[in-house]
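Beneath this line is the structure, given in structure tokens, with notes to follow.
All chains are identified by letter, namely A, B, C, D and E, in their written order; residue positions are counted from 1 within each chain.
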Amino acid sequence: MGFFVEVLLSGLMAGVLYSLVALGFVLIFKASGVFNFAQGAMVLFAALTFVRLLDILKDTFAPITLALIITIAMMIMLAMAIERLVLRPLVNQPGISLFMATLGIAYFLDGFGQTLWGSDIYTLDIGIPKGSIFILESVFEGGVLVAKEDLVATVIAGLLVVTLAIFFQKTRIGRALRAVADDHQAAQSIGIPLNYIWVIVWTVAGLVALVAGVIWGSKLGVQFSLSLIALKALPVLILGGFESVLGAVIGGLIIGAGEKLAEIYIGPYVGGGIEYWFAYMLALGFLMFRPQGLFGEVHIDRV
Amino acid sequence: MFYREAGQFKTSYKADQAVFPIFQDKVFVAIWLLIGFVVIPMLANEYVFRAIFIPVIIMALAAIGLNLLVGYCGQVSLGSGAFMAVGAYAAYNFMIRIPDLNPLICFLLGGLSATVVGVIFGIPSLRIKGFYLAVATLALQFFTDWTFSRIDWFTNYTPSGSIAVQPVAVWGFVFDSPIRKYLLCLTVLVIFTIIAKNLVRGRIGRAWMATRDMDVAAEIIGIRPIFAKLSAFAVSSFFIGVAGALWAFVHLGSWEPLAFDINLSFSILFMVIIGGLGSIVGGMLGAAFITLLPLFLNQLPIWLGINMSTAMVSHLEYMIFGALIIFFLAVEPLGLARIWQITKEKLRLWPFPH
Amino acid sequence: MTDITQKANLLSIKNIEVIYDHVILVLKGVSLDVPEGSIVALLGGNGAGKSTTLKSISNLLQAERGDVTKGSIFFKDERIDQLNPSTVVKKGIVQVMEGRHCFAHLTIEENLLTGAFTRAVSRKEIADNLEKVYNYFPRLKQRRSSLAGFTSGGEQQMTAVGRALMAKPKMILLDEPSMGLAPQIVSEIFEIVEDLNKKENVSFLLAEQNTTVALRHANYGYILENGRIVMDGPANELASNEDVKEFYLGISGAGRKSFRDAKHYRRRKRWLA
Amino acid sequence: GQDEGESNSNNPPEATKSASNAEGIIVDVSDDNAQFIPVLSYRTGPYAPNGMPVANGFTEYLKVINARDGGINGVKISFEECETGYATARSIECYERLKNKGPTGAAVFNPMSTGATFAITEKAPVDKIPLITMGYGRSESRNGGVFPWNFPIYGTYWTAADVLITHLGNINGGLDNLKGKKIALVYHDSPFGKEPIPLLEKRASMHDFELSKLPVTHPGVEQKSTWIKIRKEQPDYVLLWGWGVMNSTAIKEATGVRYPRDQIYGIWWAGAEPDVRPAAADAVGYQAVSMISSGQAQVHKDILSYLYDAGLGSGEREGVGEVLYNVGLLNAALVVESIRKAQSKYGEKPLTGEQVRWGIENLNITEQNIQDLGLAGYMYPVNLSCSDHEGKRAARLHRWNGESWEYSTDWISGDDAVLQPMVKSASDTYAKEAGLDTTACDS
Amino acid sequence: MNDNDRKLGPTLLKADNISLAFGGVKALTDISFEVKEREVLAIIGPNGAGKSSMLNVINGVYHPNAGSVTYKGTVRQQMKPHEAAKQGIARTFQNIALFKGMSVLDNIMTGRTLKMSAGFLAQCLYVGRARNEEIEHRKKVEEIIDFLQIQSIRKTPVGRLPYGLQKRVELGRALAAEPTLLLLDEPMAGMNIEEKEDMSRFILDVNDEFGTTIVLIEHDMGVVMDLSDRIVVLDYGKKIGDGTPAEIRNNKEVIDAYLGVSD
């Protein structure tokens, strides 16, 4: 039983980490109907910028703060560039073209980030507690082992989600964003400034990428593979629904727990290594019942 | 002025329904075929065959296959790599398990196996739409990666799980030299292109396009979505499966599951979209563009005599590749094929602007 | 009806040419003026270029890969053809697009509220405004919490009009406002138009197929055929023009004839080939 | 940045100077009197952190031969790098692009990835170009009778696995004491990762230990469940057959579940600086088998003085002498020595791939040669023959002390009585499928 | 009343106590009416009255919560849209539902899908049946194109057409199926008088020449009164009137709910 709880807990916490990446996807989809495949590359780019700046600024009075400020500035510039060069010319185009364009962004960012900052592994340490602790020792024999990093990530993800959820559901901007996602042209016709809105949203997504990048980066070291985390976030995204901040979190928890339990309890019978596809199959299974994900917007086709 | 329909009257529906109703187009295609089958084999060298033509042709086949699904039927799939893998591994298994089976038949059987898998994985498309479906197809991608590296039967129990095959031999004729391989692939491509063109201009093609444009309305007209979608999955995965078998047997000669990973899926989708959704020529243009652009970018500094570290070159390559993709989409979201078409329209009007 | 043509022009289009997709020439030099505080009707058959004209004013063409390649558009003496759509709205021009274009995943009420996006006013004022729109269209109030995508065609059309009203513009470009609406609602809409025009001095440019009604409520009219203005004049004059009567109002010498008696070979006279 | 290429960003004046100094060190590929060596490298993508030092070590050794010795017996070396991104299809394109360059074509290919090795293995016999796959590729290709063009010199995966088991035997006071022990193999789920399994299974049945196999899916960023299993099963040893980010993640997860690092043993591709640095202090005590460890021998000093002091270094000075750098360097040294050997038969001029093949097959590097190479203490003698394309059955283990790697054992030999029959049967199977003659070495 | 002498056939379609609700919204409550063969029946009513929903029930897009539809003598509760098509029910849509990426010709050709039967292999090779069939159906389609006077645009992608022409193409697509029952949802919205006249002509001709039964939704009273044999009036999902145009014109309830002060 203690073991089961441990697997479950570690799965849930892994899921939260996926959610952090999935959130970036959700933000952009919600605001522009764009399935932004560059989110993974943005995670890498943000983390890379941050970690290299830390190194460059290590002798200044406040390296972390300075690096953070400059990185945020970079992400804002990135958002502006993307809006100007990618989204604006592609306004009102089919989703698939926009999706492909974001793949173009991903390629560009991968190349650009590495040209600028190098392709080595960089260690990132900003004081997130490391190591692991035993909890629930009184309940289960031997207790349950959890990593401190994961606890920190969980707290941060929780905060992010609450903030973003309020932002979307309660504000004027939030409503405008959803309108834009539905129909670019109609949004323009009532004066929603797409350009401005896109810059804001991509900036926020960039910041979410930075948070994810820092947390994953201090776990794995900052390096190219960070961008591949996106592949773990995708099943979370479809399970939770493309448009739902809350969905990203719930989806993360389900996927995280599901894949870990499957790997531990089913894996041994079939040779192991099933986590990756199991996550997708699990999401697919849910979709068969709710084609728009748990919290996604219903698909409207009427005649 | 050179591209004019004027004076070319079609006197029967048959003539109007020909693939290339305009005379210039017919000449054009004939010239291309001549170049493909006669001129290139006389001129090209081994590198050009192996590194350029063969991969481009096989990828064009896969891209046409995917285009049937994505461009014509509107079902976005990120699982092409998986279908190629199924085609390759199935062809391999037919070949080693049924002695003396003609390799070409093995390729077709490989394609058919991909069809079966395609149909099964097409079933969710009846419920799941758009990007949800796209992401869901990744399930197949990861599942095949896993299957072919974990279930040793598929790899005939080779210890490392990678497969090596001998050059394809048909009726004693061995396709071992690059030029023979090239001609084999080109022939397959031509045949499949004709099939694809026939399908899309007929009833099935219209059913696919109708489903793509508005599936509710299509159903009301009497097109069963289950039929349209699954047949698109079936045909598309057949094409891609055959392409996979060719890729493995003719191009790679030896492979492991990684050869058919998700990057391959993305490249093929790229080809389809850059080339032009819903266009057969687009598939070919896209395949050539996406395969050759990196090689070109990679060689460019050398040609220009710029001395740059390889790392720098490939980072730049990434950046330019990404930027060009965005550029092309921005200029023409409907792809190279559309650019080609607009050029034709302009030619038709030339020298007048409108 | 008073003659407003003497008033200063609020909007004036000078000889514009529009090309879609780099090759399809649609407007071939269109000029028209909308005087301050007037209602101007833009008439013409299918494909004449009415919607295109309106979209080039509100600058929504770009989203359809269309381009104003020649000419200029002035709003209160300021050139607006290079501005982006949201700036045009800020300046006070709102378009109601043909084909409704509601935000399918927003509720009716949210749709209406997004209409007020550009206005920095108190919640109270917006709530009042909303109430006013609900008064115009009681049907919308009933369906306020339904997703717009699930409502009927007419309900969506009302939403689209209501949404534009929420922006409180100086000028409204209406593209086929009556399409798909029940007769009662059609006259309601034109009453709203006159109401706003009189009480709040809002100007209208109106593309409408229901010529009879349009000319009844407009001050001035333009007839567009094949991308060119072929006739213009005060509404009442147009309404009594013989050609207009026959082609647009369906009245020939003997009064309105039944749809049953319509023949294929009638009208093939055109102003322009 | 690490990848800023030929010019060293820290001192621009020297960079300008380097242009003239480069003469005679960097030889143009079109030079008719130079031996051409193609270089497949990957400086981008998920494996770039590992690929860059290997490529640097390899090319800088070639450069220093030109700079210090004026080439191999006066024959200058020209080379061209081609970026593969660790992708098989790109590797094939590179292979095709480079195989005919230089006056005599490519002397030898180092595919630098197991996947590419498999693909190129089919093409090399046709083009008559030998392949050196130092420490990777297919283990049975050591049988030159079946694989005349493949040379997994200096260690195959089976050798590496056997060395590790031998070591475990040693520390337990004999292989027989492994009985009943639990050994877990955490491996990269690819042909590379699966390569040692047949040998480990054989060893497991010989010594009656329990082998559990835990695959990790590429790229290996998520290994929680793997390590939860390990925490539950508490195996006595974990063998880590990883690559790239998978390695450092594994070590971090091991810390997370408090599995002792000194019971984890890595393959040589999991035993370099990029594998442990992100885990920093957590990795202390972790050991890995190695072909060559970190450190600077005489040849490094030459590289620093001939290249780096002249602004011709490819990376940063600190990188010279790291583990993967040394792997690249050792690989290049073997290439150069093979050519030297071939020159002794075919003359001191640029040689063809076929001629170089003879040189490799007859390679015999003695302790004395190692001294002369400037690699004393870093290399083990190798002696190849027609039937043995590996030439060496020994490796050392090294341990990470938090700062650097240091040798923790002496050279440990694998047991050829175990290895040879496996090579034989696997290569026979291959020969049978491919319809090859297996008697080339019998004469 | 015009053409009162026209021969109406037996009942083709009968709706019995149809009710349909979406969540809390009652789109249709207890609706019954019947349509005779060769009849032109108009359904009118205020916006949101449930007219389009009624059509959707008839051809199986919506499944009623209660009640049944009898078509050609068979009673049914539920039917899939493509089954309805097979039974000869075709329709046009309020929000144009053409296949945007296809040409006019192809759009109309899709209408004939159910009439084609060539095997898959024949289609791959474009030989034999596939080819003959294609040419033969093309002939039929050309007749429709001639009939609707859209010859000049047959190769144009429908997305580029103005609204009115799109409606016409949609009608063509429905006609291509040679339906027994044709459902038209606001076929004349967004058209000027001239175009409405054309459209009326087409509808009447179809009705006359092929004996097609037509159910029509329209807001233009002129059109409705002139074309229809009988009118059903819905309001808030309830039927409030059913009769000849003359009867409806004078029905007090209908005037209040829908027509307003008659012009």
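Keep this in mind: contacts are C-beta pairs under 8 Å (C-beta built on N, C-alpha and C of every residue); 3 or more make two chains touch, one makes a residue touch a chain.
All of these numbers come straight from a predicted model, not from anything done at the bench.
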item: Least step count from subunit C to subunit D, where 1 means the two chains touch; value: 2
item: Smallest count of steps, each to a touching chain, taking subunit B to subunit C; value: 1
item: Farthest chain (mean CA position) relative to subunit A; value: E
item: Which of C-E and A-C has more C-beta contact pairs; value: C-E
item: Subunit A and subunit D, separation of their C-alpha mean positions in angstrom; value: 36
item: Chain centre separation (subunit B, subunit E; CA means) in Å; value: 41
item: Whole-Å gap separating subunit D and subunit E, where each centre is the average of the chain's CA atoms; value: 74
item: Contacts with 2+ other chains: residues of subunit C; value: 24, 150
item: Of all residues in subunit B, the ones touching two or more other chains; value: 142, 145-146, 150, 214, 216-217, 220, 311-312, 314-315, 317-318
item: Multi-partner residues of subunit D (at least 2 other chains); value: 3, 43-44, 48, 52, 189, 215, 217
item: Touching pairs among all chains present in the structure; value: A-B, A-C, A-D, A-E, B-C, B-D, B-E, C-E
item: Subunit B residues within the subunit E interface of the complex; value: 13-14, 16-17, 195, 198-199, 201-204, 206-207, 209-210, 212-214, 216-224, 231, 278
item: Touching residues on subunit A, where the partner in the complex is subunit C; value: 91-92, 172, 175-176, 178-179, 181-196, 243, 297-298, 300, 302
item: Complex contacts: residues of subunit D adjacent to subunit A; value: 1-3, 43-46, 48-49, 52, 189, 213-217, 219-222, 224-226, 228-229, 231-232, 244-245, 248-249, 252, 255-258, 274, 277-278, 280, 282
item: Subunit A residues within the subunit B interface of the complex; value: 35, 85-86, 89-90, 93-97, 99-101, 103-112, 114-115, 119, 231, 234-235, 237-238, 242, 270-274, 276-277, 280-281, 283-284, 287-288, 291-293, 296, 299, 301-303
item: Complex interface listing, subunit E residues touching subunit C; value: 2-3, 22, 25, 45-49, 52-53, 94-95, 149, 160-165, 186, 189-198, 200-201, 204, 219, 221-223, 226-227, 258-260
